[in-house]
Amino acid sequence: MQPTVEVLNERDYILNVGPQHPSTHGVLHLRIKIEGETILDVEPVLGYIHRSIEKMSEALTYRQFIQMTSRMDYLSAHMNNLACALAIENALQVEVPDKVKYIRTILCELTRLASHQLWWAANGLDLGAVTPFFLAFRDREAITDIFEEVCGSRLTMNYIVPGGLMEDVPEGFADKIKTYLDTFERTLSEYDQLLTGNEIFRGRNIGVGVLTKEEALAYGCTGPVARASGLSCDVRKWFPYEMYDKLSFEEIILTEGDSYARYKVRIAEMYQSIKILRQLLDGIPEGDFQAKVKKIIKLPAGEFYQRVETARGEFGVYIVSDGKSSSPYRIKFRSPGLSNLAALPFMTKGAKIGDLIAVMASLDLVIPDIDR
Amino acid sequence: MELKDNNPFPIAEPYPYGNFFLSHLDSIINWSRANSLWPLVFGTSCCAIEMMSAASAKYDWSRFGFEVARATPRQADLIIIAGTITNRMAPVLKRLYDQMPEPKYVIAMGACSISGGPFYYNTYSVIKGADHIIPVDIYVAGCPPRPEALLDAMIQLQNKIKRTKNF
Amino acid sequence: MLHILPLLFFQYFTTNPELILVLKVVLSIVAVISLVAVLGLFLIYMERKVAAAMQLRLGPNRVGYIGTLQTMADTLKLLTKEGFTPGESDKFMFFLAPVIVITSAVLAFAPIPFAKGYQFWNLEIGVFYVPAVASISVIGVLMGGWASNNKYSLIGAMRSGAQIVSYELSVGLSLVSIVVLTGSMNFTTIIMSQENGWWIFKGHIPVVISFVIFLIASTAEINRTPFDLSEAESELTAGFHTEYSGIQLAMFLLAEYVNMFVISAVAATLYFGGWMPLHIGHWEAFNHIMNFIPGVIWFVGKTLFVIFIIMWFRWTFPRLRIDQLLNLEWKYLMPISLVNLLLVTIITLMGWHF
Amino acid sequence: MQIEELKIKLADAFPQCTFEEKSNMTTILINASDAYALIKYLKTEVNPGFDTLSCLTAIDWPDYMEVVYILFSRESKTQLIIKSKISDRNSPETKSICDLWPGAELLECEIFDLFGINFTNHPLLRRVFLGEEWIGYPLRKDYVDEINMITL
């Protein structure tokens, strides 16, 4: 039954990048076939952090499995939680209060900022510049402080629950974010000074790992990776959820499709997130932080698919319910990273080893999100 | 014997029969090992981000001399197991540990590497605790632990090293 | 009678030329080794503090006063770590590689004048001796990379070979421009020629260009960011010394910093006058005041300044790619240095320099 | 193009498929033998075509298996769920859609790995997550693993 796969020819010079390697961002394992410095083929080997979250979720209740999603794409924890909460709310046809919508959107955008900051840190680190790491973490720590005040956790939040939020937000929530945004807008220009205009950085990224629009569509790429190739795919625009249909913001689309375009898309998205946050912070309405949802949730029979835009692209939750039990019959998380990774062998064929690192840095992979 | 805080070279044990030279050599070696723990760049999941936070300017583990993170196990003294260890990762972790030269230390950071954490029940691919694979010196609780907790763990490890006897 | 024996011995030792030579050699070896050890400790500490300052951190501050003993602890730890040779490696070559690297680094100290008259070997071709000896280290690097029996090491070593061989040219050509100006390859003569001002000020723009090229090319030669391709941490984990641990790693690290010091000392000597104080033409009073500051302080100050610039590079720039690295040398630095050399020659022939 | 229009068209071309409206999207049920042809038809023949593969997964029901394709047409903003039914649970097999979307390659490997569904015509079908030495298909409902799994 099991086919044994002769993956790459034995006589080729094969370099194993990972599973423990500083720039695979965790435990991705790439087998690359090289000739000198030139890459002939790349084969991703996954599963080093496959934690069977989908199998576990089948034994957990609808309220419980959401906490597992915080540990998948841990840099977009709020958004993952939101996707599950939205799927369940849609299935139950629950309408959440306006206040909840505002706060959820604010938290999602803050998460996007924090995630992009960490990507920027790792991008510099992968290309050999160490200082960006420290600059970005300075800004990121301020956001984690806000998260900590809101939900008591810095990384794995579990704050958004079906029907609303776990707790009410603390006093001075909006003011604190406003002060933060003022400082961050100033420090964001330092990012440009340090990396964006740097000749070496531009040389390493421009024209590297080009992905055309058609290829992006064929590989199912989403998020900044696809938008840098000219493919409009922002779920916030296509399938607006929460407050996004009432906000004015742009979907950043570039057409070059190289690593530098992906870099620029993310930097521009940070400015857009600041813009979105500014629109929301003043008008948080008063009200409840939860809608009425039963303690033990049972979904009607059927299947429910919900997409959200995380920092890495389209995250989908596909829940199949048999209508009888209080836990999902089958749950599938469509992770943006897996599709983006699928394009990596195509993008790096014929490139140098250094390019592989640059392209991987620009894809912004989170491996637990890919392996689940 | 109790440690004196202000003594940079705490002697492991009192030596009633003399043995002055070896005990002092011991304390000097322990002092150097304790103050120069180079961690291996090894993070599997969420805890890795908090480990990076511990390196960042706000927490700054370089104050203790930990900032020389090495990517190759041959040059590292310390594995911080930051994240879940799965069945597939276990042989890799074992191999990394074997590749490190003596003396080597292990910190299990976070619930996953202590016991499997949230992935204890109903999962087919997670190792229930990294100490099934390699010996662990210090456990840090949390999911993920705060960077301060990691720093404290490393200081505890320093204290542990200062109490060992080499000869 | 017996009580004059020590006197006779003393007389014998101080008059016999062979014995004096042996004594001198032994003293020099001790001096160089202690100098290298101290330099290594200090420079690594300095690097960590400079990095910390640039990254909004504090840097090591727990061991000793503001962390001064940190590198001491690191060295002691590396010395007491398990010595390790991979099973399938070429054991002899694996052992020899760090020795060659450190030897070539130490040899390069010979002709460098630390102060007036303080020089191990006043060599007539000192300017070319330094790059010639320093580039022996590439053999050690290649050996280490090949003997490790590790793919990362091998790629790192090959990169290092290509890199050092290429950048050797630019280093040489930019050194030649000063040789052309002074007409000598002797370090002492070059320093004495800067009695009325340093070459960086006297030699117009061509000397500045040659200084910049020297700085870039020598950064590449000592394998530091942005040219640290041979040990590119995010690509090849640790490059050619992936398999090295303990004392052998310490040798590689020490060699890197010693090389950095040598390169900076050469730059300081050729362009900033070495131990020569800041003199301006015939301003006798000013020159006299400057002479009160001892030469060794001038030398160390200038060298540390150049070292700081090299460290500054490291903590700001990303790394180049291998083809960009070679392009930079063969398409830009080499032609520019050649044209620059021509300009310097014209300046010298016409006597346009100050 | 609206869903109603599509239904009429499909009734002509694929009379064997049935429709279901249990969730917020239209679901098409079809047998595995015709699934590839239907998806190819939806991608290339229909105008505007369904050009995006949003999600690809499988479900293990007690007596049969289903491969689920979630398609999306960017031009008409229509979403579809296609569930292709494989009756043979012991040696499930269906045709790969890698030639339509190369991005499906890893997703199909994942399904093969976790459900044991064999995709014919796939360029490199392998156990991408668990490794070749793993025995059994863990996301099947009847999977038991007494060594690793601790159930409550």
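Each chain gets a letter, A, B, C and D, in the order it is written, and its residues are counted from 1.
Here, a residue touches a chain if its C-beta (ideal position, glycine included) is under 8 Å from a C-beta of that chain, and two chains touch if they have at least 3 such contacts.
Here the structure is a predicted model, which means the values were calculated and not measured.
**Q** So which chains count as neighbours of both chain B and chain D?
**A** Both-contact set = A.
**Q** What chain is the most remote from chain C, judged by the mean position of CA atoms in each chain?
**A** So the farthest one, by centre of C-alpha atoms, is D.
**Q** How far is the middle of chain B from the middle of chain C, if each middle is the mean of its Cα atoms, in Å?
**A** Between these chains, centre-to-centre, one finds 36 Å.
**Q** Which integer distance in Å separates the CA centroid of chain C from that of chain D?
**A** Distance between chain centres: 64 Å.
**Q** From the mean C-alpha coordinate of chain A to that of chain B, what's the distance rounded to whole Å?
**A** Once rounded, the distance between the two centres reads 30 Å.
**Q** So how far apart, in whole Å, are chain A and chain D when each is placed at the average of its C-alpha atoms?
**A** That gives a centre separation of 25 Å.
**Q** Using the touch rule from the top of the page, what residues of chain B touch 2 or more other chains?
**A** As it turns out, chain B has residues touching two or more other chains at 57, 71, 88, 121-126.
**Q** By the touch rule stated above, which residues of chain A touch at least two different other chains?
**A** Residues 21-22, 47, 50, 52, 55, 59, 133-134, 138 of chain A each touch two or more of the other chains.
**Q** Which residues does chain C have that touch at least 2 chains other than itself?
**A** 55-57, 233-234, 237
**Q** What pairs of chains are touching here?
**A** According to the stated criterion, the contacting chain pairs are A-B, A-C, A-D, B-C, B-D.
**Q** Residues of chain B touching chain C in their complex?
**A** 8, 28-29, 31-33, 35-36, 57, 60, 62-65, 67-68, 70-72, 74-75, 77, 101-103
**Q** Please name which positions on chain D make contact with chain B in the complex.
**A** On the chain D side, the touching residues are 129-131, 138, 143, 145, 148-152.
**Q** Report the residues of chain B in contact with chain D in the complex, numbered from low to high.
**A** 87-88, 120-126, 128
**Q** Inside the complex, what are the residues of chain A that reach chain C?
**A** 13, 15-16, 21-23, 37, 124-131, 133-135, 138, 194-195, 198, 200-201, 203-204, 352-355, 357
**Q** Spell out the part of chain D that touches chain A in their complex, as residue ranges.
**A** My answer: residues 22-25, 27, 51-55, 57, 59-60, 68, 70, 77, 79, 81, 91, 101-107, 110, 114, 116, 124-132, 138-139, 151-152.
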